[in-house]
Amino acid sequence: QTPKKLVVGFSQIGAESGWRTANTDSIKAEAAKRGIDLKFADAQQKQENQIKALRSFIAQGVDVIAFSPVVETGWEPVLREIKAAGIPVVLSDRAVKVSDPSLFVTIIGSDFVEEGRRAGEWLARKTGGKAVIAELVGTPGSAPAIDRKKGFEEALAKNPGMKIVKSQSGNFTRAEGKQVMEAFLKAPDAKDITALFAHNDDMALGAIQAIEEAGLKPGKDIVIVSIDGVKGAFEAMVAGKLNCTVECNPQIGPQLFDLIEKVAAGQKVPARVAVKEGVFDETQAAAELPHRTY
Amino acid sequence: MSEPLLEARGLTKRFPGVVALNAVNFAARAGEVHALMGENGAGKSTLIKCLTGVYPRDEGEVTLGSRVIHPRSPREAEAAGISTVYQEVNLIPDLSVAENICLGRQSTTFGLLRWGAMRTRARAALARLGLTLDVSLPLTSYSIAIQQLVALARAIDVAAKVLILDEPTSSLDEREVAELFAIVRRLRDEGMAVIFVTHFLDQVYEIADRITVLRNGQLIGEFPVAALPRLQLVARMMGRDVKEIEAMDHRPAAAPRSGEAPPVLAVRGFGRRASVKPVELAVHAGEVLGFAGLLGSGRTELARLLFGIDQADCGTLEIDGRPATVRSPQAALARRFGFTPEDRKTAGILPNLTVRENLIVALQVRRGLWKRIPRVEQDALVAKFVAALGIKTSGPEQLIKNLSGGNQQKVILSRWLATEPRLLILDEPTRGIDVGAQADIERLIAKFRDEGLAVIFICSETAELARNSQRILVLRDRAKVAELSGAAVCEESIIHAIAGGASPPAGPAGP
Amino acid sequence: MSVVLPLVLWIALAAGLCFSRRSVVFWPLLALALLLLFNQLFTPGFFHVEIRGGHLYGTLIDILNQGAKVMLLALGMTLVIATGGVDLSVGAIMAIAGAVLAQRFVGAGWSPGLAIVAALALSVVAGAWNGLLVAVLRIQPIVATLILMVAGRGIAQLITDGQIITFENPTLVYLGNGFLLGLPFTLTLVLVMLALTAVLTRRTALGLFVEAVGDNETASHFTGLPARQVKFLAYVFAGFCAGLAGLVAASNIKCADSNHAGLYLELDAILAVVIGGTALTGGRFYLAGSMIGALLIQTLTQTLYMRNVSADIAPVPKAIVILAVCLLQSPKLRERLARLGGGRKRRAGA
Amino acid sequence: MKFRVPAQLIPLAASAAVLVLLYAGGCLAFDGFTSPRVVINLFGDNAFVGVAAVGATFVILSGGIDLSVGAVVALTTISVAALLGHGVPPLAAVLLVLAGGAAFGAFLGFIIHWFELPPFLITLGGMFLARGLGFMVHPESLGITHPFYGETVGGLAIPVAHVTTASGRVQTLTLPFTAQCFLAVVLVASVAAKWTRFGRNVYAIGSSESSARLMGVPVGKTKILVYTLAGFLSALGGVVATFYMQSGNPASFVGLELDAIAAVVIGGTLLRGGVGFISGTLVGVLILGIIQTLINFKGDLNTWWTKIAIGGLLLVFIMLQQALSRRRRE
């Protein structure tokens, strides 16, 4: 007789970026490969939808629940309910703040603070610790935006020659990244800007267009570092328009399901599993580009 | 002469472009019915609205009893003892009849409404007017006339010192008017002051004790009824000589129909389930066909059917002797039909558009989307009709909602006349219209009839109907019960037929 | 340049204010002038315009270029609102148009012209769908267009398979980034569409029909006016305008970003129309007012960027401007003020 | 007298019928849908939308519209979290934000009435204002750890059913306090709408404001009160949301107002005002909720198909409702 198929409920945040879509694809593909029955629910970027999805996973009686939380807080009640129903929880990509650490088993994902720190450290190396920086912030209130800013500022604190003169939200989108950069470049003190830090690649790619339209050379006149490592960013680096991207790897499918299967089998797993990630600058871009699938 | 109960001194009200009231004095006495008379736009409704706090007044003073009052809303006026029925039906369409009667004065226990008590009270109030209705149905399930009665029931349901009625009878038939007047007399005898606005002179002389005449916002004078014979009153309202008025009363005689051309419109077995039982009728060029009947007898519904607003589900229709269909107002317009609805406010005017736009819209629709009527032509048309019908407006670019009711009606009439129709269906075109304008409209109907227009004329005033029609179709319970022509077109036989006595010889419709 | 252009702008504004003194458009125009004045005085560099790369370059130019999307949307929205409706789906239609453009051009290898035609055609279909629901099936406009607002973005993502599709074709890029006679091409596009709409509504009877339907549908129906067809047309036109806006938006960032293109822009479009003097209850409409409304919104956005107002509290100044414009427009407020002033004068005279 | 369904009840009856159909369809299509959990979740998960939607119902009945709902709910959650963070006792915090919500609504209502401005614009302004204020209170999400939330509120849940979990344990299902709040609000609001003068005045204003004024309805007072009530209920929705999630977040609940409006309209209330029922809103909220539950149970829709499915189901539902109410009216 065949063993019962493992049923996993996964609640995804949405499809707000190319990064997220790649993340979803990786998870779905891996589940299919392993013959796992994946219940996938898309939350359209709303926490309340995610909570509903988690509750319906309980009603459906899945074996393991995994999800990428939209925000850090607000999970306590539903996680407690899941625990009461005896279903283990694996977090992916982002962490949650709960008073009782036993409410979830493990978390696999990136450390946004670390990403911001790496971006800052790279920029410090690149500019020799002297830079006038414009910052394109992510969506106000979102965890990546808050943490990446925090990490970046931590790195800056060690380099008194670096300061942020402009900081504005571009909502993680190309259109707003471009529009905000356009505005930055029109300020009287725009000439002083030597570097740009964008919280994700999309905003950086938008900003590059604005910089070009202003008659400047992105990557040369203004050093640009961003986070995510999507294909478009590598192309821009190859073209010499972007200087560095800090990878935030969305392809966590294999690692995630390794964990889930262990959890389902009742094996011990580490409380935090880091995703394999790197920092890529112009010099490595050409070599890495062919390996980029998203 | 008793002391005035409600008195206004030097009341002035200005609207942008018009002085609606100019230092008007007015006094209503307890135990008296006081008629407020004037042409359309004279300022009657404005006076009432100033008295009851709908409009803030620009100047002047109002006293009730010996107290100076400053009502800022109808609510405060009502609290002070003034109960008002405003012109046009001002009730809540989506609420039930019972609620409309009791709104704002519902009885409660522990803050909760007593629905049963409310319905009982509403039924009682309606019964005083001789009306039995299902009071839990929404107001809109009843015709305009019923709605007007509901408004009256609401007004007399409260113990007030002053009762103001602004054209309460415009939609009512004789029986209902009689019921109303019986109540008004009783209230008057109980010591109430009743202020009454109407354009029906008969009613004034039947019920009023005293008359105040306004013209163009000016006070013309206050008269005991006995001191103001009919002609005098009309002359005062219109600001003309009695001689002139006497001359006006000669109506052009109806020209007899000549020739044997097929009727402009003829229907056979034409009806609609749950609305109008199959009827037969024909109307020829150059004649006026009147529809007579009581309220709810189905005259309006038949008119809607003929104009394609509702679709008939049986019978045939012929235009100029050829089978045809009229399945929408668009089709009717293309056939050169016109229709002025009885419910001017909700189905007639485009309130926020100008007089000019309201006037040319039907013609424009007939010409089509692409052939915009040049502005010069529009202005010429407006000028022509404003002059021809005597429309009182501060200009062609005035918003129609700021015109008095009668003038709005004239604009809508002009709207159709501008399309040079072959058949015009007029549903209560003279409702709420002053004598002068009414004479104008009647003259216009006759004029266009003589020029070859076919007219269907719906009117609750049997005298008016008889005066203007060549033939009359009588409806009862949504079915045709008689058709009168020739000498039978007179008030007596109409009333006879409506009442359902042995009908006088009624020839079948059509040739 | 830096002096001439602002000078021209101020003269034009002053002339506009004088000219429109008695019209509804006066108040939004006044609000725009006040906001610009604030920037003239307190935001350094706001009025700085220079020639760079053979065309005009500066914040004022950005306002025109970035404002084009809302201006285009507002054109269609004006007619829809005038018929007494509202279209919540224009943002989603923008996303669809961008998605079709990029997918046809990049994925299917169509020529740019053909891709543009396909995008606009699908937008018109989307508009017709709304028209069908509202005019024929008589579903309340907010709900009817809510359907496409939700589903439309999904359709756009379906077309692009959830990816951001980038393109570099000069023709396509020109739409949202090009310059004609030193001014953004989008400005030309908006002006052409504005002229077209104005001619379509004021030189034919369409304007009157739209206003009549919006003012009193029953009465319009009774005069034989083809009320349904007029409403249907309005939604189709709004779809077309949204399609154009979608093309501009995609072209501007050289990619189709289905998830974000036009997100929440329907609110800005409605806001522009209403600020411009057209009532949400339908009836009279003011195309010029809507354009001014759109410019006001974009100027405000640009002001916040230039003044480095943090995006998370940016809604507060936005709210303040909306409330201020509303109060400016309120006849009631003016009436009350006039009564105060008049009362004082009369007393002083007596 | 012949029996007949009052015309005004038809859309509501149609909505209720569709709700039952959807539920039955779900039970047939999916395992586990018959679990009482699904029904309980339907009430618990949608409680905060429901509470806010009841407020929106009053506004829509009065002929207005309120776009500030989502932002006010978000502002409330973050305010509660911040107040608790500063050591304010929970009950005081809740009362404070409720008063704040009511004051905010009153402010909007006052402007709408006093200056005769369109509610759409003013409440849109209100939405921006509340959103910005939320970020001013605290720019990121904040957890609530106060024991009042975990234990006191959790303890108010009422046991309603027992289920056996996959692992064979018997578990007691409870109706959470949030759902109780929702049902209580619906009940009180229904009574207020039907049985109080205020309620009837709201209908009157929505049906015909000018007539209502002439009939002596205190239009201004009622309108301001309606928006006050809506602000209060939005704030209450926010409080319920804090019970639900034990956190506050200024960026949350974007677009909630559209959900609320959709629920109201689906419940048979006309957007032009004057016609509708509070109980209709309950049905509307449940329908939106069940649509989402169905999609979650389907379990293989990606983002875009989720959106298309929501739109499609909304369409199917509206068509059904129209068809049903047309049939019944004949």
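Labels for the chains are A, B, C and D, by order of writing; each one numbers its residues from 1.
Operating definition for what follows: contacts are C-beta pairs under 8 Å (C-beta built on N, C-alpha and C of every residue); 3 or more make two chains touch, one makes a residue touch a chain.
For clarity, every value in this text was computed on a predicted model and none was experimentally measured.
Q: Per the definition at the top, count C-beta pairs in contact and tell me whether C-D or A-C has more.
A: Spelling it out, more C-beta pairs touch across C-D than across the other pair.
Q: Compute the centre of every chain as the mean of its C-alpha atoms, then state which one is farthest from the centre of chain D.
A: The most remote chain is B.
Q: Can you check how far apart chain A and chain B are, centre to centre, with Cα atoms defining each centre and the answer in Å?
A: Inter-chain centre distance comes to 71 Å.
Q: Averaging over Cα atoms per chain, report the distance between chain A and chain C in Å.
A: Inter-chain centre distance comes to 34 Å.
Q: Any idea how many Å lie between the Cα centroids of chain B and chain C?
A: Computed value for the inter-centroid distance: 44 Å.
Q: Which residue numbers or ranges of chain A touch two or more of the other chains?
A: Residues 14-15, 21, 24, 140-141 of chain A touch two or more partner chains.
Q: Can you list every residue of chain D that touches 2 or more other chains, as numbers and ranges?
A: Expected reply: 135, 139, 250-251, 302-304, 306-307.
Q: Could you list each pair of chains that touch, in label order?
A: Those chain pairs satisfying the definition are A-C, A-D, B-C, B-D, C-D.
Q: Could you pull out which chain C residues touch chain A in their complex?
A: Listed in rising order, the residues are 44-45, 48, 52-53, 57-59, 62, 66, 157, 162-164, 166, 177, 249, 252-255, 257, 259-261, 301-302, 305-306, 308, 310-312.
Q: State the interface residues of chain B toward chain D in the complex, per the touch definition above.
A: Against chain D, chain B makes touches at 54, 73-75, 78, 84, 86, 90-95, 99-100, 103-104, 106, 108, 111-113, 115, 136-138, 141, 154.
Q: Report the residues of chain A in contact with chain D in the complex, numbered from low to high.
A: Going through chain A, the ones touching chain D are 9, 12, 14-15, 21, 24, 28, 38-42, 44, 46-49, 51-53, 55-61, 63, 71-77, 84-86, 97-99, 139-142, 146.
Q: Give every residue of chain D touching chain A within the complex, in rising order.
A: Touch residues, chain D against chain A: 30-33, 35, 37-38, 41, 44-45, 48-49, 135, 139-145, 150, 154, 165-167, 169, 171, 241, 244-254, 289, 292-293, 295-297, 299-304, 306-307.
Q: Applying the document's contact rule, which stretches of chain D touch chain C when the two form their complex?
A: 71, 111, 114-118, 120-122, 124-129, 131-133, 135-136, 139, 250-251, 258, 261-262, 265-266, 270-271, 302-312, 314-315, 318-319, 322
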